[in-house]
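The structure is given below, and queries will be raised subsequently.
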Amino acid sequence: MSSGVIHVINPNSTTAVTAGVDASLGALRFSGGPAIVCHTLEQGPAGIQSEADIAAVTALLIARARSFGDEAIAIVIACYSDPGLAVLREQSSCAVFGIGEAAVLRALAAGQRFGVIAIQPGSISRHLRSYGAMGVMDRFAGERALGLDVVELNDQSRTWARLLEVGERLRDEDGAEVLILGCAGLGSYRLALAQALGVPVIDPCIAAVTMALGEAR
Amino acid sequence: MSSGVIHVINPNSTTAVTAGVDASLGALRFSGGPAIVCHTLEQGPAGIQSEADIAAVTALLIARARSFGDEAIAIVIACYSDPGLAVLREQSSCAVFGIGEAAVLRALAAGQRFGVIAIQPGSISRHLRSYGAMGVMDRFAGERALGLDVVELNDQSRTWARLLEVGERLRDEDGAEVLILGCAGLGSYRLALAQALGVPVIDPCIAAVTMALGEAR
Amino acid sequence: MSSGVIHVINPNSTTAVTAGVDASLGALRFSGGPAIVCHTLEQGPAGIQSEADIAAVTALLIARARSFGDEAIAIVIACYSDPGLAVLREQSSCAVFGIGEAAVLRALAAGQRFGVIAIQPGSISRHLRSYGAMGVMDRFAGERALGLDVVELNDQSRTWARLLEVGERLRDEDGAEVLILGCAGLGSYRLALAQALGVPVIDPCIAAVTMALGEAR
Amino acid sequence: MSSGVIHVINPNSTTAVTAGVDASLGALRFSGGPAIVCHTLEQGPAGIQSEADIAAVTALLIARARSFGDEAIAIVIACYSDPGLAVLREQSSCAVFGIGEAAVLRALAAGQRFGVIAIQPGSISRHLRSYGAMGVMDRFAGERALGLDVVELNDQSRTWARLLEVGERLRDEDGAEVLILGCAGLGSYRLALAQALGVPVIDPCIAAVTMALGEAR
Amino acid sequence: MSSGVIHVINPNSTTAVTAGVDASLGALRFSGGPAIVCHTLEQGPAGIQSEADIAAVTALLIARARSFGDEAIAIVIACYSDPGLAVLREQSSCAVFGIGEAAVLRALAAGQRFGVIAIQPGSISRHLRSYGAMGVMDRFAGERALGLDVVELNDQSRTWARLLEVGERLRDEDGAEVLILGCAGLGSYRLALAQALGVPVIDPCIAAVTMALGEAR
Amino acid sequence: MSSGVIHVINPNSTTAVTAGVDASLGALRFSGGPAIVCHTLEQGPAGIQSEADIAAVTALLIARARSFGDEAIAIVIACYSDPGLAVLREQSSCAVFGIGEAAVLRALAAGQRFGVIAIQPGSISRHLRSYGAMGVMDRFAGERALGLDVVELNDQSRTWARLLEVGERLRDEDGAEVLILGCAGLGSYRLALAQALGVPVIDPCIAAVTMALGEAR
């Protein structure tokens, strides 16, 4: 008998991302604990890289959220830009978490100033609006982008090299004491990066699903 | 020969609101100045009262904005919640203004602390997220709602009485030195309210269209 | 086989408080999930009501934390003033959470402005220093005290009446959209208060232990 | 028939600056729109470079503002340090705008973090006090000075080289998404700089006079 | 042999105010310590109640400051609005303190949130700009005015009654833990008010002259 | 006849530090002024470098403070981390000042943005929590560490070289207009550093004892 279901929605259509998210959540699956079910938004874009993508997936997210049954205790939106967060909160009878918001909140309990590793520079401005709306700019150290496209992200050694480089600058130049992976799909690098840089590294999916565990019945 | 067109979109389907907005902009129409054209989003909801309404009109706004020709110098979204502001800015080749953002910016040049008169209490939280994202919470005195529904808003004497009552509390209890009408459709009360309360009152549509005039070619 | 132990330390010597905390955490205990073990600091004061109390329990907390074995994945300090949080974080090899900090972080995902129900007015100033250090004052609606002493808190109908009264003022006068029980020992009122007031109510112990679940191996 | 007069006062005595300001405002002059009249404060210093200069021009500004007739709808103080802004607002029956304040407000609608190009490093501290009083430090990316004196500013190729250099640092190192020309006399470089750097560039005089257009009768 | 002179300038022409300030500084006069000399700005207005008054006294303050000899170690401007503070700092070779700024800084070491008792409501907005420029709005509880004119202030029992009333509201409704007398001339009520209200009360003249003692040679 | 005693407690056991503090306070000792008595906490650690050190000295500080007689007008805690500040304030009948808090407050009257020179990088996070609790992050330019251990600090030429280097970076890269020596034992370098860098440099012990002079009877 489960104590409810946590639905994790990857709002893009790339199943490899969903699989990666699913894999990263293993430690949070307990027998007798909430089931954690990961979904792919098949009609979504291959990746969420613009405000237009965010606008496009919002309606899809609303529809998908409506399909969840009574056993749902929480919905997690697995994109760092938290698309549809406000509207899903309004429309859902269970708790709703965005991985961007949850990651920042978790980071605030791990270090005085947080730094964020984004994929593309174009998303930093959007993220900053979120941090402002969250009222946490006094804790913000900086955000820097890997600047890698999807093909480049598949090159693991190149991605790792950039993660190290960007993480070091956030730690040493910007004064970050904790780093956030500003993307749903980088969780596999988390432990190695934390070890290499000597600072805590937050996987936003783990942060959000952990919060969702608190809704267990 | 005009110096360009400012397109003002009322994102709800109530043509009376569009007409009211249009009427309030008379003083900003100059011969030789930009044309100011007001649009109704016929497929939008009768009013925008929820996050679901905002999500629903965003796609409509994107489509409408795409229909504007090369003579467009600016687009103004005439709803205080600024639906679609980020995505229209990303997708448009001309400047885009939201009346909520513009009203707050104008108020910052009119008094040290601003107060906002909302229509419904349910929208205050959404507005606060915007003020946070704008980084202006140190200037925020308070926001209070009229608590009137659409039918009640048609009763002008009742609306006026509530405007006075709410405005006085914002001024006297919350310390507001300037008031913002937190809605596109209250412009007709602006001058009387400013006179009755002795503080500047900002009509958000005028604030945004004024900013748009600066884009004149 | 457990996935580690979460140690929850009540830093006062009142075993009834520990029992209440223990009872409130039932929904977070999963077979196969982390064990949640509650401790009483027998040498601590009967309650923590002053900076002197905080100073006094800090050394006790350090000693107790050192006694935990390798299976510890997290330590939770079950006092809303978060005594010893910084030093335990420095001295421990596992994660450390304070229920005050965790409650505020959880509240930030539940409403735009949070209100806090303290037991005694004298602790509000101390809490405000924490919110300032957390950098979240832009999200703070207000904090008000029940003003009840230990004997009065044992009178459940009186406590309930004050919770309702103070909660309503935080919601209606201060604009709080989410309330925090600013004390480890009020968890049994949480659901009833949330239902009575129509806003989410955060139990700080649940908030912190939920965060700790994310440390599961 | 005009809809009122906007009086723009250059508070220094350098008529070339006034002429430059006047030229930059061409696009805001509409037949039927407000007249825009630029004034030189002949008794002012050649440039405003110190707190002493600001103190000295304040009395002159008050006197000049008093000389404007009933047709004045707005007064614009054309110095980025906004000398006399508070006192002119108190003493005038029409709206008063400072180009520093207006530029920052306009920038807030153009990018999440603003950067400012000052002429001399000594004025940055003064500007920061203004941004603080405006409550917008969370949106501030940085301010850097050209470090050019009046003679050097007359060397256009040198000025252009420094504008590019300083603008790039604000954009790339400080994260500015929008730049402000922190001086009344740099407007002629605006469009070229925006094109060269790929970010919006705000001319403070245009920002203030645009705001003033909203006062049209 | 003195260790230098602290010049305290009352920027209004009311010698009774200067005398009151002088009397309040008795405890800071030590044999062998800095001499504390109080000055009246005879050409200043009877009181400083407007931005125009501030503009008017600035030139007088600059002239008076220039008259001080080499033995000056500090200049204190004894008006809570800190007229001329920036320019005197720029023009003087010794340290310059404003009693408004100094009072707020002293209050920050006496309680988590400060409240201010102003004389007239019209000055509150001006003071708020200063607190914003100081960056201390997160510590600000509120400011309320006595609403008494000069004649009424001479009625000591009426003044005392209003001080009590306003101080109680700041303490009980606004949450102030420390109160500032927002005026140079209320020092004689300080101790009685602190005793009556049970919170520290800051006399801004004492706060500023104390800071000035640190410049002793 | 003295006007009371200011007790300055060095919370570490290194008497050389106490002697240095004592020497730096010479200019604040006036015949007829408060006596300034410096104490060494003999049972304290050789230096305060961790949260554990802070926890350890707190009880010692409470005990020492209790030993002071009725003539005490103020207690100064001479460690930049302000150990025990809250509890001593609660437990003492006289005023209590921490040199960290006092230094920041003094710096706020000396420049718009303050920079801090710490000894070790590990203390920066702790200091940032304090600045946050003080609510002054908008005035914070940066903090950088010398990175010298106790032995290296005894090498005066090496210490001086690092002070210059770190101070220049704070001034030139971080925009600090005033520097704080973030340690009780660097006072002997203050004047030379201010002269070399051309910005005010605050000795935290002088800042705190100066504030304490205001408590003179």
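As written, the chain order gives the labels A, B, C, D, E and F, with residue 1 at the start of each chain.
The criterion applied here is as follows: a residue touches a chain if its C-beta (ideal position, glycine included) is under 8 Å from a C-beta of that chain, and two chains touch if they have at least 3 such contacts.
Everything numeric in this text was worked out from a predicted model, so none of it was measured.
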Smallest count of steps, each to a touching chain, taking chain A to chain E: 2
Neighbouring chains shared between chain C and chain F, ordered by label: A, E
Hypothetical removal of chain C, resulting connected chain groups: one piece
Chain whose mean Cα position lies farthest from chain D: C
Pair sharing more residue contacts (C-beta pairs) when A-B is set against A-D: A-B
Same or different residue numbers at the chain D/chain E copy interface, by half rule: same
Angle (degrees, nearest 5) of the CA superposition of chain B onto chain C: 120
Centre-to-centre distance between chain F and chain D (centres being mean Cα positions), rounded to whole Å: 42
Separation of mean Cα positions, chain D and chain B [Å, integer]: 26
Sequence positions of chain F contacting 2 or more other chains: 129, 132, 134-135, 137-139
Touching chain combinations (by label order): A-B, A-C, A-D, A-F, B-C, B-D, B-E, C-E, C-F, D-E, D-F, E-F
Of chain C, residues touching chain B in the complex: 111-113, 138-139, 175, 177
Residues of chain E touching chain F in the complex: 3, 27-28, 30-33, 97, 101-102, 105-106, 108-109, 134-139, 206-207, 209-211, 213-214, 216-217
Touching residues (chain side chain E, partner chain B) in the complex: 124-125, 128-129, 132, 137, 142
Footprint of chain B on chain A - complex, ascending: 50-52, 54-56, 58-59, 62, 84, 86-87, 89-91, 126, 129-130, 132-135, 137
